[in-house]
Structures are given as structure tokens and as C-alpha cells.
Amino acid sequence: MDKDRIDQIIDKHHAEPSSLIQILLEIQAEHHWLPKEVLEQVSERLQVPMTRVQHIATFYKAFSLVPRGRHQIHVCMGTACHVRGASRVLDTVENLTGIKPGETDLDLKFSLETVNCLGCCALGPVVEIDGKAHGKMAPAQAADVLQKYD
Amino acid sequence: MSRINSPAELEAFRKSILSERDPNKTCITLCSGSACHASGSREVAASIQEEIEKQGLNGEVEFRRTGCHGFCERGPIIVIRPEEICYFQIKPEDVPEIISETIKDKKIVERLLYTDPVTKEKIIHESEIPFYKNQGRLVFGSNVRIDPKSINDYLALGGYSALAKALSQMTPEQVLEEVKKSNLRGRGGGGFPAGIKWEGSRNAPGDIKYVIVNADEGDPGAYMDRSLLEGNPHSVLEGLTIGAFAVGSHEGYIYVRQEYPLAVENVNIAIKQAEEHGFLGENILGSGFDFIVKVHRGAGAFVCGESTALMTALEGRAGEPRPKYIRSNVVGLWGRPSVLNNVETWANVPLIINKGADWFTQYGTEKSKGTKIFSLVGKIVNTGLVEVPMGTPLRDIIYNIGGGIPGGKKFKAVQTGGPSGGCLPEELLDLAVGFDELTKAGSMMGSGGMIVLDEDTCMVDVARYFLEFLTDESCGKCVPCREGMRQMLKILTNITKGKGKEGDIELLQELSETAIEAALCALGKSSPNPFLSTLKYFRDEYEAHIKEKRCPALSCKELISYYIDPKKCQACGTCRKKCPAEAIDGGKNLIHIIDQEKCTKCGTCFEVCPSRFAAAGKVSGEPVPPPIPEESRTIVRKRKEK
Amino acid sequence: MSEILLKIDEKEVKAKKGMTLLEAARGAGISIPTLCHHEKLEPYGACRLCIVEVESRGWTRIVVSCVYPVEKNIIVRTRSEKVDRIRKMILELQMAHAPDSFILQDLAKEYGADKNRFEKEPSFCIHCGLCVRYCAEVKKKNAVGFVDRGIRKEISFIPEIASKECWNCKECFQLCPTEALQAAYVLVEALAFPSASTESVSEG
């Protein structure tokens, strides 16, 4: 992502320090991760210490300091999904992809995250891939669903 | 679109909208909340639009995509007005039939109707279905009639008349008194009287004050605020503006979690529309009152739902809570008086102003007035969003509206109040829902999450689950929460893995006291609640895990083994084919055996074994019976008598 | 006339409006243990060791004295069965991280805390925040900060700033109750600082 685009986003928010989180959210959405140079540019333009930018980039789960895969898998671990067996689904997805939540595989194909409630509790357990929710997931189905993504 | 500059102009505009609407015109409403989207409502919508074109009904039939209807278990939902014919679980393939049969020929498509699970009776009209009939949908009911992207729909139902009344016929003090009289208590979890909070800000020194909508709804399993904000954003904006007027604030914020993109989208559209029409901005409706609203997105932190942490996040910092010795309605955002209330609280305000506090207080109990929206989820037949007057017994909600427990299983407990709340067992099912009633029983109202648990749920695991959630979400600043929960999670995890020991419960209780007394914020102070409430009502489960290494609910992976009963196995082979670990040995007419070394305890065999055999089961607390000898494995089929 | 009268440990104490209980107590010669407090820094309220019992209007509750503002006519107790019990627990929780810290050991003796009550944790930072706050508020360099949250929270030096500022400063080192700071600094120095030779070249 080039420096001019980042400057554009910062200017849209008038380089306000209080908009730090909003600015990082926009950059994360476009670029899918926050490289160190980006954090430095934001710190510089907003006149906010790097420690604060770093704290925020690691405190909030929406941000990633490492590149993410082509496909984002979100396994819902909300209470309703949990009682319907979400941990077994997560175990199976971990086995199939070889990664744990917070990780990306070496081919940069899948990134796995757990989320706490997507608000589709009627369909629990829910696995969301690239924004599409797959409901009533059972461990046995996980392999079939993941195979569709390349 | 020209600005509306007075209450009179508003009424004239409203009349003109209504005059263009024919209440008898056929209208297809399709639920388009996020849950129904996940069930495929976007594809259904495309199909409806296509069919309307194809069958030449453009102009004759209206199509409205509304917000969440609440009956999420059965989505996508279509309601055809004015007859109120209700169809459930619609797929795009069903649409042509609906259009030609029901819309054109006025005939019912029986298979899409709601069927009562007990009487097997088919019910046609929305208002007769028990799920809806037994609720009291004062706040949420409008969702079914509104396209959230259309301000005209909101105006057609009387929207913004409360704001007009407040600005032109009442003083800020009068608005404040009315809200105080209604005893509207915060719907986000604190249950603090909103009117008193507003008064505190109004009387606090300073010219600049803020009003804030807390739409960070972080409790897992709770999504009422999302559906309100997605489905009826103007009701929240109107309530916020009225509150700002009462408090003396000219700047408002809506903090929405970024996990709710549709809510962010719809509320931004609503703000733009409100600004265009003059309900936000300068000199609103000619009253001289100015007010603007900004949307701020969360970034994935449950702790930011705590009011002081939310304000810290609004300032662009990491969401660490501040001590509440000086209340935030006096020193809040940027050190200024700030009123923070939940989405549902704000949505109640226009109703109170329009119909009066006396109308509001007729609903509910003595100390808990009005209604509450709950998200009824978990082991329940009718998963969805439910609104009932305060004082409704839990039993009514779970059985009369929720339809009871699926699969013929036994009810075990209902968890309310999210990670800060507790579990209530069967003996307490006649408890009336209300702020104080639930707190006295060891739980709390919280934001309205209501998770039903059945006999297959392990209560120790429930406590461990919530502790795991909270350790992930804790801001980490104070010792009792960060370190206390770290140790509590370790102990509870060990207990679920069969490594519990004598003294664990006492240590957990000591750590609980430290958190309750000395933690920085409500997240930490209430973190022991799930443990304490499950210990109070389900102590036997804790003791079984610790003393007998047994999980009574047959749920904790390390304490159970899957086992195929040789007396019941009929060698159908289903489990062997589906086992992801290839751990089942068997063949035609050969009793199947699970290799315990290879078994990953995923539970697939248990799920897929046909119920007429029910051979795959679980054991806990005792060793798995050794495999039967090879010679006995062959199943001898009895020949049919000729 | 913003004088406020209150009672701390049976002693009549005069305090000024805006003071915290900790300031009032120390001014009257009454000691309350702290870990994350420092006169040069804004009160932080993280370690919770300075908790006291406050009785006012018939209610007794536990409050954190370094941030609680003085109120007139309240009765404060800096020691009680409950206060001591909770302080003991806080120390035991901290000592799972830093069992050999001298400050913690002294306090542990006073409150009967057992440093082996909990299994040892790999990180020996106790998150008092003194280093981070000192560098931000006093030195205004922001060379070290916090990262992440909850049980994963840690301190982290910014290599670019630390390599310029820390060698001639190191004032935060003596503040650290557990010597964790030293370890973090050394680690960053080893991994991320430019080596001596290249540094002199680039400075030319």
C-alpha cells in the first residue's frame, strides 16, 4: 500500500490523534495488515508516540501486524455456538489447516481467528469464511467446506 | 429533499407520505437482518425482484426489505401484508410459487407455513404464532414494518413526532422529569436509572457535554442491539437527540463494534437522511437546538463496552477502564460530563415522550419498568430475539415463546447476563425477569443474552468457557483481573481435564473475592460470577470432576471416551465411513470397535449412528469396557420366516 | 477553605480537597504499601496493593487509596482482615512472576504471602507500568510501551528510539521492582540496535 494512499486516509480524518483507531481500521480493511512502516507513518503524521500506536495495534483484535491469508476463517466461539459444540469444530479446522487461531499458514492461503459471536446464533455452530457464514457446522462437514477454497 | 423546519411542516410531510401509501396494497416484506442474510435472504430478495418483474407485477406489488423480525431460527421470513401471511425458511426456489399462488391467486402455500410442534396445526397469521403472540414487542415490533434504509417508512409510523413534541412543547427539564418518572433503567447491563444519570450530567458544571450510544454489544450470544440498530436506526437517533436536548449536549457519538458492518452502514445512512431532513444539525425543527452525531467504530475489544473504556477508546486510546470514583456523567469523555446509554435504552425514549411515563410504567414490575429484548439462544427450539414486559417468568419465555428444549432433552440451566452473569437452574424457572430479581438469584440481567443449557452441557465447562473469554478480553491493567483470572482459568481448565485436586474450589473462591473487591472495573469485578453461580447450583458437578474424574454431562473431552455398545451395533458402517480419524474398525456384519488410541473424540460417530440403533455412546469416570473377542464380533442375522 | 477532615486508622487527619487517600495518609505519617505508585507520576491504580477500607454513610467498601479522592467524615482503615487477605493474594499472584524480587519478598513477609502458592509464570514483569509511565511522563521519550492486553500484555521497547535514548539514560531501571526491565532492554539491544561500527558511519 503506498504512502500517498495512507496520507489520504489520514487527511480524511484531519490527522486527529483521537481518530487513530478509525484510521488504522481503514488501512487494515484495504491492506489486510499493518506493516511497521505504516505504523511509523501514522505515528509521525498524527504526532502520536509510537508506543501508543503499537499498543493500539496489538490491543485491538481487528488489527494484524503480520500478513493475512487469502481466505479468512472465523470460527464463532460465542456462548450459543459453544454449547452447540463449537470447540469440536475448531479442533477439526485446526487439524485440517495446520494452524491455530491468530495464525496464517505458510502458503498464505488461510488465516484462522476465533470470534465471539457473529449474531447468527440460530445457525450455530457457525464458521464464517470470507464474510460468508456457514451454519450448522459439524466436524465432519468442515473438510468439505474448506476444500472449496483455493 | 428540503429541510423540515417546524413540527407543523413535519406533520404535513408525514401526511403526504401516508397519502401516497395504500394500506391495502399488497406488500411483500422480507426479513433482511444479519442472521437472515446468513441464511440466504440476499438470494431470496434477488429472486423476489426477478419474479415480480417476470410476472408483470411491477407497480402492483410492493417489496420491502425490513430489519430483523426476531424469529431467527426460521429465517429467511416473508410476511405478506395486509393479510399478514407468514412464510418461513424461504429459499429462492420457493419464490415463483409464492408469487403466483399467494400474490396472484390469493392461495396459501401450506408447506411454508408455521406448524405448531405439538398440535401440528398450521398457522397463517404472524400475530397468531405463539412465538410472536406471547411477546410484548413495544420497541422491537416496528422492525417488521420498516426498511431501515428508508426514513419515510419510519416517518409513516409516526417517527420523530416525539422529538417534535420535546423540542416544541417541553422544556429540557420537563423531558428529564418524564424520563425520571418512567424509571427507565439502563438496558445495557448496569440497570442504572437513566433519568438520574441524565440529571447528573445536566447539573454538572461545563458547557460542553456529550451523549453516547453504546453499541459495542460484546456479550457472546447477545445480538439485540445489532438488530435494533440495523433494523430501526432512526429510533435510536431520535432517542439520542431527545436525550441531548434534556442534558444540554450538542455533540453525540455512536460507538458501534466493527463486527457489525450492516449496523454501521445503516446507521450512517440514517444519520445522513436525518441531516438532510433537518432532524440533526442546526436549529432542529426550528427550535434553536443544535445537535450533531458522529459514528465511531470499535476495533475488537469486549472491554470497550465498559463505559469508561469506551470513552477512552473514543479518545483514540487503548480501551483501559478508569476508576469510577468520580462518575463519568460528571467527568467523562475528554473530562466532560458524558451520558452513555445502551442502544435499547435510547430506543425506549421516543416511546416514553410520545405516550408518557404513565403509559410506560404500566408495564413491568415495581422496580423494573417497561419491556426488555432478550436474545434467546442455545439449546432452544425457537432461537431468536424476544421482547417481553419485565416481570415475565423465565418459564414463559423459555417454553411458551421459546418452544422448550429441542431433541426431547431436559432443561438444565439458563445463563443470563453474559460473562458477567450467572446460571439459574430449574428450581428458579418461575423467577420473574427483572433487574433486582435476577441479581438476587446470583445472576444479572446484563444486556439481555439468555442462553439455554440442557442436560448435555457441563456446568464446569461453562464456567471455564467464560473465564477463557474474559482472560482474552481483559485489558490487563489490574492484578486481581489479569493475574487472578489467569490462575482461575488454569485451575478450571485442569478440573475439566481431570487434573483437579482438593483445595481447588477453595482457592477459586479466594481468587473470586480478590477480583470482586479489588478489580478496577466491572469486567474484573463480575468475572467470578459464572464460577460462583455454577458452584452454588451445580456443586455436585465440580466434585464429580475433581474427586471422581467424571463429567456428569459427558461433555469434557479428556474425561469421556466414545464406545460402541456391541449389543446394539448392527454394523451399518456409517460411523466407520464418517470417522475423520479412521479410528473405527469394522466391516459387513462385523461389530464395530473404536480404537481408543486413534480416537480424537470429535463426536462424529455419536452424531451419525442411526437413532434406531443408538449404539455409539459415551462413558465417563470409568474405564472403557475392553473390546469383545474377535469370535463374538460376527453378527448373525436371523432369517425371515417364510 | 477547602480543608477536609477524615479519620484514618483512628487518627484525625486534615486533608485538602482534591487529595487522594494515599496522599492524605502519607502526609499524616500513616504508611500504605504500594507497587505502582511514584510521586513523579500520575496515580495509576494497577497493582491494587494500596486498597483500604472506607466506611461512609453506613456502608463499608474496599477502595484503591492512590486514586480515591478524600471525602469529609469518612472512616478509613488501612489494615483489616479483609484488606490483609486481599493484599496477601495480590502478592502471591505477583510472586508467580517475580519470586525473587526484594520488594515483593519484604512485603510478603509482612503479609504472610507464600511465593510458591502459584506455579511460576514465564514472564517476570509485574506490570506496575513504572518504566512506561516514567519514560512517557518524565523523560517524554516514549521509548518503552505496552503491547497487547490481558494475560498476553507485555512491555516492549521501540528499537529506533531506545537505541538513541536509553544508553545515556536508564533512569527507569532503578524503578523496576523485578529487574524485568533490564532483561527487556538487553534483549532489544542484542537484537535490534545497529552495531557500534555502522552507527559511527551513519552518524558521519
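Residue numbering begins at 1 within each chain, and the chains themselves are lettered A, B and C in the order written.
The definition used in the following text is that a residue touches a chain if its C-beta (ideal position, glycine included) is under 8 Å from a C-beta of that chain, and two chains touch if they have at least 3 such contacts.
Note that this is a predicted model, so its numbers are computed, not measured.
Most remote chain with respect to chain B, judged by CA-atom centres, is C. Compared on C-beta pairs in contact, A-B and B-C come out with A-B as the pair having more. In this assembly, the C-alpha centroid of chain A lies 34 Å from the C-alpha centroid of chain C.
Inter-chain centre distance (chain A to chain B, centres taken as mean C-alpha positions): 22 Å. Averaged Cα coordinates give chain B a centre that lies 39 Å from the centre of chain C. Contacts with at least two other chains are made by residues 146, 148-149 of chain C.
Multi-chain contact residues of chain B, defined as those touching 2 or more other chains: 301, 318, 473, 475. Contact of a single residue of chain A with at least two other chains is seen at positions 52, 55, 59. Partner chain C is touched in their complex by these residues of chain B: 301, 303, 318, 323, 325-326, 471-480, 482-487, 490, 510-511, 513-514, 517-520.
In the complex of the two chains, the chain B residues touching chain A come out as 34-35, 37-39, 72-73, 75, 218-223, 226-227, 258-260, 296-302, 313-319, 375, 377-379, 383-384, 415, 418, 449, 451, 453, 457, 462, 465-466, 469, 473, 475, 578, 580, 600-604, 607-608. Interface residues of chain A, counted against chain C in their complex, comprise 49-52, 54-55, 58-59.
Listed in rising order, the residues of chain C touching chain B in the complex are 45-49, 51, 62-64, 67-69, 82, 85-86, 89-90, 93-94, 96-97, 118-119, 121, 126-127, 146, 148-153. Interface residues of chain C facing chain A in the complex, by the touch rule stated above, are 132, 136, 142-149, 156, 158, 160-161.
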